[in-house]
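All chains are identified by letter, namely A, B and C, in their written order; residue positions are counted from 1 within each chain.
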């Protein structure tokens, strides 16, 4: 925890959120969110269950579109382009903004085909290109050494932690710029969790990472910036050190110190 | 010891008939088990009778020659070919349409119940309202279609025969003839291979739809989400994730539906099956011979039952082999995927 | 490796996008096409029966009074219901046909219900798993026998056996047809009852066994009552199947449209009547409409019994989900 954030120049924001509201039918789940997510850093979302942090995460690659009754108001921009504008191709968006889910969800295909999936749907079928990307993605996800001899076995045969790293490799294969992680380690044992956290730390040199977690130690360990959500509102957003050492809001402090959960 | 004996005798007095009850229960369980034996015995007797009397009559000439001597001799080649054509045509018509309909119902219509959609519609405002109205209509349509399909699967096959006669032959066929045959010739306005196959296809369609939708339901939602999150379109997700994942369920469902269709006779009674044709169907507008129909004819219309009995048994044997092979394939595939699922989870 | 510049989010993959739209239309089209045909089945069967209400020519000979109420003076002055559609004065009483259908259905259910439920209970509660894995495919094999084969068997073999054993006057009668029908109904009763019993959660049984009940008591007093909606559903669905079954009754029923309560007499069912007569009927005449009206009747009865069966199955599922 020795970050000298103040001295460094502020990194350019990759994602800018202004006055973002979100509804499920009549339910108003996100209220006027405003935040800048910096490039090539890890931003953590924390908060009690049902605070809207996951919903917000899914708004960034418009995964909420598939839920009936979902409606967004306000703007989220990625490199200055409004994600909810008519001209946006959600398919292109989701390739730029990859996602890793809470429960690992590999396809019932081989390890190789799981990683190659994003490229194949993009029309890439050249075996050499696929081989190269699969190897590179698995290496970046720190899984290559464990699976290089069984690329053609079913992904379902991997352990839980391996499956989750496979899902990360799968997301990396389409060359995203942003990686959204929705409680990626919540179903894993401590050792597998540690591997994922190390991986997140490695990946931030190349990717902008947003991670939702219910584990505050994890947020403190892996993130540069932390946002605390409650009841659909962004309560506080600051450098991780500040949030955990010196929060400005009483609510944040209460939550951090475990007065409610 | 004495106190122990006393204790035992008390117990015996409290629950006096324990042993007798046990014996009674074994008897009941034996009876339940016997019902299985009885059912299997029925199956065995029917199959045994057909095999004993039928298998011996099946020879190369029997399956490659036409009937002779008032059906009493010769083979059943035209009936085998007719049945095969019919089943193939039926499959081509029913399976793609059934699978596509199930995909439409499960993947394209709203996942909400009409009630949920309606309550959202009532509280919505402005531009959302029109979109939500579509949602309400579609979810209602899906619900009505689902229950209609489920019920249609139980409508008697003879009713499908009526429909085939009334709709395909008289309405569609009759109209086609009026338009294309100025001389008043009847080409399509009578029973033929096409109308019989379409009638059977309609009969099997509900079964295919129900089985496919059930299989689609087993594909986990988070695999769909993963695919979409990787930038796949809905169609790409369906083609690469949903359909391959559901295939182990779709396949046996479709095969069992086809096997049922292959054995049905009631729907083709008036839609194209022929009593006797020495030649094979040449086009979709030809009549055809059919194994099941042949069984009916030989057992009820035969001028000399004893003389045609060997041919009859042989035909039943071939028909059973055909439907059982289809059936067995379906059952085996299903059993294999079931054990796979069990060991996988 | 990656040099992240500005992400281009404008529509770039037009081909994929168009293909997706195209496939949406294909599936929507297929869905609506199937829905159209389902509607047509309803519409057309009714349409062809309508003349008995709308066409005075047809309605003079074939009408509801004629179908259900009218009786004729018999030779010895007794009142008789007669189905005799071909002749100078056609007679269209459904009563003998309905009676025939009910008799065959009664015998069929009498065979299939107790046997099917007993077998289901054994398979679900007492059979070792390996035996069970044999029983189910066997039942499916039984279900896979085409009804024309069952009809053939009843006609050629069973009828003679029964006549020799019980000394029936007629070889083809309600017993013979009904037992063959029962074999066709068995898989329906077994499969649905067994599914219901297997869906009863394990803790039901454990609770009962822990209280000192025997396995039989548990099966009889806990599992069977819990699975009752499914058992009901299986009976109702079997009833629907029995009402509509055609080939077995056509071949093994004896084809005599007589008004008799005796199970030893030959019979003629509603469904077999369509099968036997539609081939020779003149398009559009009262007989044709009467046969389509029978079809409509079968359609409605089976549709209702199926809906009831589905409702019971749904109730079973709700019951097991609500309590597990």
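We take it that a contact is a pair of C-beta atoms (placed from the backbone, for glycine too) under 8 Å apart; a residue touches a chain by one contact, two chains touch by 3 or more.
Keep in mind that what you see is a predicted model, and the values were worked out from it rather than measured.
Peer 1: Compare the CA centroid of chain A with every other chain's and tell me the farthest one.
Peer 2: Relative to chain A, the chain with the farthest C-alpha centre is C.
Peer 1: Have a look and report which chain pair racks up the highest count of C-beta pairs in contact.
Peer 2: B-C
Peer 1: Mean of the CA atoms for each chain, then the mean for all of them together: which chain is nearest?
Peer 2: Nearest to the common C-alpha centre lies chain B.
Peer 1: With centres defined as the mean C-alpha position, give me the chain A-chain B separation in Å.
Peer 2: Distance between chain centres, rounded to whole Å: 47 Å.
Peer 1: Suppose each chain is reduced to the average of its Cα coordinates; what separation in Å results between chain B and chain C?
Peer 2: 13
Peer 1: For chain A versus chain C, what separation do you get between their C-alpha means, in angstrom?
Peer 2: The mean C-alpha positions of chain A and chain C differ by 54 Å.
Peer 1: Chain A: which residues touch two or more other chains?
Peer 2: Where chain A meets two or more other chains at a single residue, that happens at 91-93, 121-122.
Peer 1: For chain B, give me the residues that contact two or more of the other chains.
Peer 2: 233, 236
Peer 1: Which positions in chain C touch two or more other chains at once?
Peer 2: Answer for chain C, listing residues that touch two or more other chains: 16-17.
Peer 1: Can you list the residues on chain B that touch chain A in the complex?
Peer 2: 110-112, 116-117, 120, 123, 128, 135, 220, 222-223, 225-233, 236, 240-241, 244-245, 344
Peer 1: In their complex, what parts of chain C are in touch with chain B?
Peer 2: 16-17, 19-20, 23-24, 26-28, 30-31, 33-35, 37-38, 40-41, 44-45, 47-48, 114-115, 118-119, 121-123, 126-127, 133, 135, 137-142, 144-153, 155-157, 183, 186, 190, 214-217, 220, 237, 240-241, 243-247, 250-251, 271, 274-275, 278-279, 283, 291-292, 295, 298-299, 302-303, 305-307, 309-310
Peer 1: State the interface residues of chain C toward chain A in the complex, per the touch definition above.
Peer 2: 1-2, 4, 6-13, 16-17
Peer 1: For the complex, give me every residue of chain A touching chain C.
Peer 2: 39, 78-81, 83, 87-89, 91-93, 96, 121-123, 136, 175, 177, 206
Peer 1: Show me the residue ranges of chain B that touch chain C in the complex, using the header's touch definition.
Peer 2: 21-22, 25, 28-29, 31-33, 35-36, 38-40, 42-43, 46, 49-50, 96-98, 100-101, 103-105, 107-109, 141, 145, 147-163, 165-167, 170-171, 202, 205, 209, 233-236, 238, 256, 259-260, 262-266, 269-270, 292-293, 295-296, 299-300, 309, 312, 316, 319-320, 323-324, 326-328, 331, 335
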